[in-house]
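Think of it as A, B, C and D in the order they're written, each chain with its own count starting at 1.
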């Protein structure tokens, strides 16, 4: 299908999806926490915009609601909570540089290729223009996971987690024009609760090990079981 | 015939009595007397019923079946009693009866201890129940349930005095090996069930797997039942576990449980598996022969009386399996009558070993009870302190040493007779193998005699080597009566081989289709009078007559019969108990001759000689396996490194790999 | 009538052997003495020794149990019973139906076990030593003996000694390699079992080399007499066993007086020759060190095994 | 319908109500009562299903498969509540490890957890199923960190992160399913209804279904504890309060496996005409076997008693997964039975373990010694529980393992040696650790604790009965479930 033959709305959807993908890369590479939170907010906005545009293209009211929920949650509420946490934990200046940025980004690119390969049989089956967004969303999901694997900062991990959620949402919107509303609400509720819990945990972790570097959270390795002097609690 | 149909109901009574015994034993933690007044008598009822059922089944022959309303809906538990079951019900009943009479006296010891009497009673009864279940089962599922129940209950009995670390170790090893055995048997049944499409023995009997799968099933059955029966090199648990249990339980384990394993093997290989193959027979002969020689060599070096008896059990099971191998070879070669002879020899040996080893373990228990010691190096002179136990023990020893007119000789004689018919085989390999097996058997018999001379000689003769042995006391009436019952059984098996063989032959006929006769009550003439015959009663009569004549003729008429004096000992200083030959010293020549087979640790310091005789199988097979497990476990543990990022990476990699696989 | 005759013969044959056993021992001593250029004791000396011992007081160690006093009777009776299973003069022997060759070996085993237990009973060092060594000898000697019997049983298809002898008599004289091995094994085993040189020395009480005598050390009086007599009987028994199995010619197959007389004459000749051979061997050979005994016995076992294998490989196809 | 509402929404009401109660002791009793009420509902539901067959509605579906799991969930919920009342009260008032607010949170989340479990079981909507399973994570994650120790927080964090990511993958799979369904279903139809999807499954595009299944498997498989996605499980099970360990091992894993099996049924139906009709089964078998073996070997050289038993849970989940993967009526029946008996046994073991750790005042295996001497009831129940979980008759786990081995023997004979090896290694690992704990002399200064052994006795008795004779009703019920899953009944 020729890109030029698409309606303008669809073209816009594709552009926005590409930008969301880029934001996933930005999230992967961005070492400063505050900037990363901003990138995440932008990604949320892009995804919400995709939902709204798809709604406009298909005339589905549910999608507007989804877009609104996403906007409120991912662009406003969660970045705000994260901001507050960063300030409360005095992490504004903290950076979390990647150990091998070039390699990580290459791996990210490979993942995109892989996602396209996996999604191809799925996508060829859909006739609408937005079918290739499925590959993009899968790539965003996998990149989110990659972010969680490579980042040592607990907050950065949460951002990766939330990016996965964004990818999922994008997939739902692009492939099926959104899930039924009950499910969307349930998902949104879960995300919200998860965010609250993350906040609780940050405080607890900070209390107990005085840092949010999750590599320090390795007391429970089985090899440590051999240690005689650490007495695990009941 | 009304009586013929009684076998199954009687077996049912036995099962119910065992269940009742288990149930009432629960009360023993509060009222210890329950054990003596209810649990053991109920076991006695169970024993009598099993005995009656076994004799009934053997006397009348035929199979009686029933289906129980238990188990799975499409897999109900089936039970049956046939002559093969009968033989083993007979063994179980005979030994259990003695144990039930013996038990109360022995268990009284534990009343003051901290070990739970309720556990003892409950698990003893469950153990018996499990063994009964194995014998009665007519489908693989019930068989496995009963089999594992038997293993599990005996595990708890081995662990009964669990405050001693070596008992715990023995129990663990035992449980592990029992599980190996159980799973192998389960797989063997799996093969049979896959061929016949059903778990019922009747169906398995009707449809046989092809040659390959039959070989697989045979190997699995040999592995499973052989582990339980203590075949080398799977025997290591046995000398650990049997001594650890209370003595009357050791008697049950050695005398009955090993036979139950034998029963299982017979049932699977001779009854269910289908046409015999000479390869199976050769395997059995080799494994049995190796086990017998290995067992007796190690028995000769033990200083713990109960360990010695345990190794001797290994030896005997080796002999039995060797005889089974002969039966398989003869059957495969088309000589069912000879196969039946070899099978009868095996069954007779099983019966003898049950009675003898039961008696010896009960005797060892009495020694433990009377002298609080079971190391041969600390015993001595017990024949004068505990005369009745001592003479009973002597009978057991002579029986195990297989000399006429005792019962051990009858089965050995039958086995030799079977082996000597090897000239009828056509295959020259087999014709060589069978005489070689007979040679191994002969070697085993000679060493076996040495084992029991050593055991009786150091424990009961000579002079006490410790204070406990010097102050040993005879045990109570119940414990003696238990042993006496087994002596009665031994006497019957020893002196009336014809009738006993006639009974056992029913089972052999069931499995081979050929008959064996004992030729009347006096003679034992399995093939023909020209070939060989044996009559123990005249032998006993002549021995008694000559002995009595000698005493009567030679007794001096004027003086006192004898004069007592200090031992002569070539006129050296009056000997002290420490100058006696010790148990280790007695077996020293054989230790030198067979040194490469033992893992010896000797340490000589001035005035002390320390010796440990280890099992090579243990060091070369089991310890490496344990170490391997630990190494793999440590490696697996590295997966659990504690870093959440690594866990996430695992997750991501799994996802990518799976997507790659399916795309 | 026939039956009575057979039974009488059956009763008389072992008694005959029992009566003749000391004579055989005396004969061997005599030949040995001659070979050593001595005159030697009269042939009746063993009988006199037995009579002397029977008249003496029996002294029993304080530490011994009742088993010590029972053992001589059991040993004697069992050996005698074993002798009853042996065709001494005639192959018509009901005793052989009661106990075949395997049972014979078993009865000898019973005697030996009682002997060793008695050796252990007094709790002395030498008794234990003798018992321990006796058990070492048995470890190889008994299986070797069994294998010898098996070799012949495979040929004659019977373990009944009378039938074996009868079967050898009835058949043609064939030169069998298996018999050669078996005979050699049987001779070695017999030497070891009867406590002769080079395994044991019956005429010494030198403490550290004793086997059989070590076990008898605490015995005296009638007990010792029975033990000694049983040992002599055992030697005679092995001698008769050897000739029965390998040289049965001369044995009576009927119970006619003539045949029996002929058998007696043949037996005397054969035993005399065998005894002389043993004496010669004992003169030529030296007593071995105890640690070399297992090698000697292993050789016996090996020979017996070779006999069995030679039979299976070379002869059974015939 | 009324039973369903009673079953599912009683816990929800409890979750909202219990934190409002001022007194901790009353909350414990109320917790118990609510569980009992929910069990009554589940039993009523079961009777209804038994009498009238499956119930299906707009967004729920109750058939033989899930109703037995629902009863099991409610039952284990109740028995654990019986255990947890005095146990948590002891932790709160004697050990002072949990504050009053902590106790409120505990009771609320306990009910919330039960609600999500029951919701996940009874819903027909795959989206709601996802929400409920995610909800189960959220409700339990705070309980894992209830003690606020660094280790507990760390365990909770890992649990949260790993399960969160895993479940996100399941959502992607769900989206893909919905996507596949939309192409077949008319507009307006409920493309997330499992019943609807199952009915049209053969028309679903196989290639999409395969990708969807992979995501669903990895997603829900994380919660099942499939290796190598299992890393959170030992941490979470060992650091939380013991009642939580009991329900996590006994219930959560089951529900996650339930979800996997539902997805497998859909995939199987969709792939029936493709070139790889057995793909889902093979994947499950591979994961199951790997999980089983790794779980079994990991039982060796453990130092922490609760970690030990959480590895045992992993091992058994592997076995069940393998069973479902083998397919066929016999293996499926065996796996269903195994789910049942494993839940009962494992939760009873965790209850005994809870008492044992209180007796020894430590969770380290080498400090727990001589339990039978100190407190025979606890020692024997732990020992018998382990005997049962190790697969000895006459306990029910033997039956299911027997059937599973036999089924494997028929379908994949060359895999049975691996299974047998695993079972042996597992037995050795378990007894190596447990035997010194229960046997032997008691250390000085070790005293019995107050323990309510009723739940343990009840559960072990049930496992025992299941091992001796499976009641006809239950067998019929399991058989119906077998028919649902494998397409053929066994009987």
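Everything below uses one rule, namely that contacts are C-beta pairs under 8 Å (C-beta built on N, C-alpha and C of every residue); 3 or more make two chains touch, one makes a residue touch a chain.
Everything numeric in this text was worked out from a predicted model, so none of it was measured.
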Among the chains, which one keeps its Cα centre farthest from the Cα centre of chain A?
C
Pair exhibiting more inter-chain C-beta contacts, B-C or B-D
B-C
Chain B and chain C: spacing of chain centres that average the CA atoms, whole Å:
35
Between chain B and chain D, what is the gap in Å from one C-alpha centre to the other?
43
Please compute the C-alpha centroid of chain A, do the same for chain D, then give the distance between them in whole Å.
30
Rounded to the nearest Å, the gap separating the Cα centres of chain A and chain B is 68
What parts of chain B, by residue number, touch at least two of the other chains?
637, 640, 644, 648, 651, 655, 659, 663
Quick check: what residues of chain D touch more than one other chain, meaning two or more?
157-158, 161, 165, 169, 211, 234, 298
Multi-chain contacts in chain C, i.e. residues touching at least two other chains, fall at none
So which chains actually touch one another? I want all the pairs, not just one.
A-B, A-D, B-C, B-D
Which of the residues in chain A end up touching chain D in this complex?
118-119, 121-122, 125-126, 134, 138, 141, 145, 148, 154, 157, 161, 164-165, 167-168, 171-172, 175-176, 179-180, 182-183, 186-187, 189-190, 193-194, 197-198, 200-201, 204-205, 208-209, 214, 217-220, 222, 225-226, 231-234
Within their complex, chain D touches chain A through residues 59, 97, 125, 127-128, 130-131, 134-135, 138, 141-142, 145, 147-158, 160-161, 164-165, 168-169, 171-172, 174-176, 178-179, 182-183, 190-192, 205, 207-208, 211, 234-235, 238-239, 242, 298, 302-304, 307, 357-358, 361-364
Chain A contacts chain B in the complex at 114, 117-118, 121, 142, 145-146, 148-152, 214-215, 217-224
Sort out for me which residues of chain C touch chain B in the complex.
54, 57-67, 69-70, 72-74, 76-78, 80-81, 84, 97-100, 102-103, 106-107, 109-110, 112-113, 116-117, 120-129, 131-133, 135-136, 138-143, 146-147, 150, 153-154, 157-160, 163, 205, 207, 217-218, 221-222, 225-226, 290-291, 294, 301, 305, 308-309, 312-313, 316-317
Show which residues of chain D lie in contact with chain B when the two form their complex.
157-158, 161-162, 165-166, 169, 210-211, 213-215, 217-218, 222, 227-229, 231-232, 234, 279, 283, 294, 297-301, 372-373, 376, 387, 390, 392-394, 398-399, 402-403, 405-406, 409-410, 413, 416, 420, 423-425, 427-429, 431-432, 435-436, 439-441, 467-470, 472, 475-476, 479, 490-491
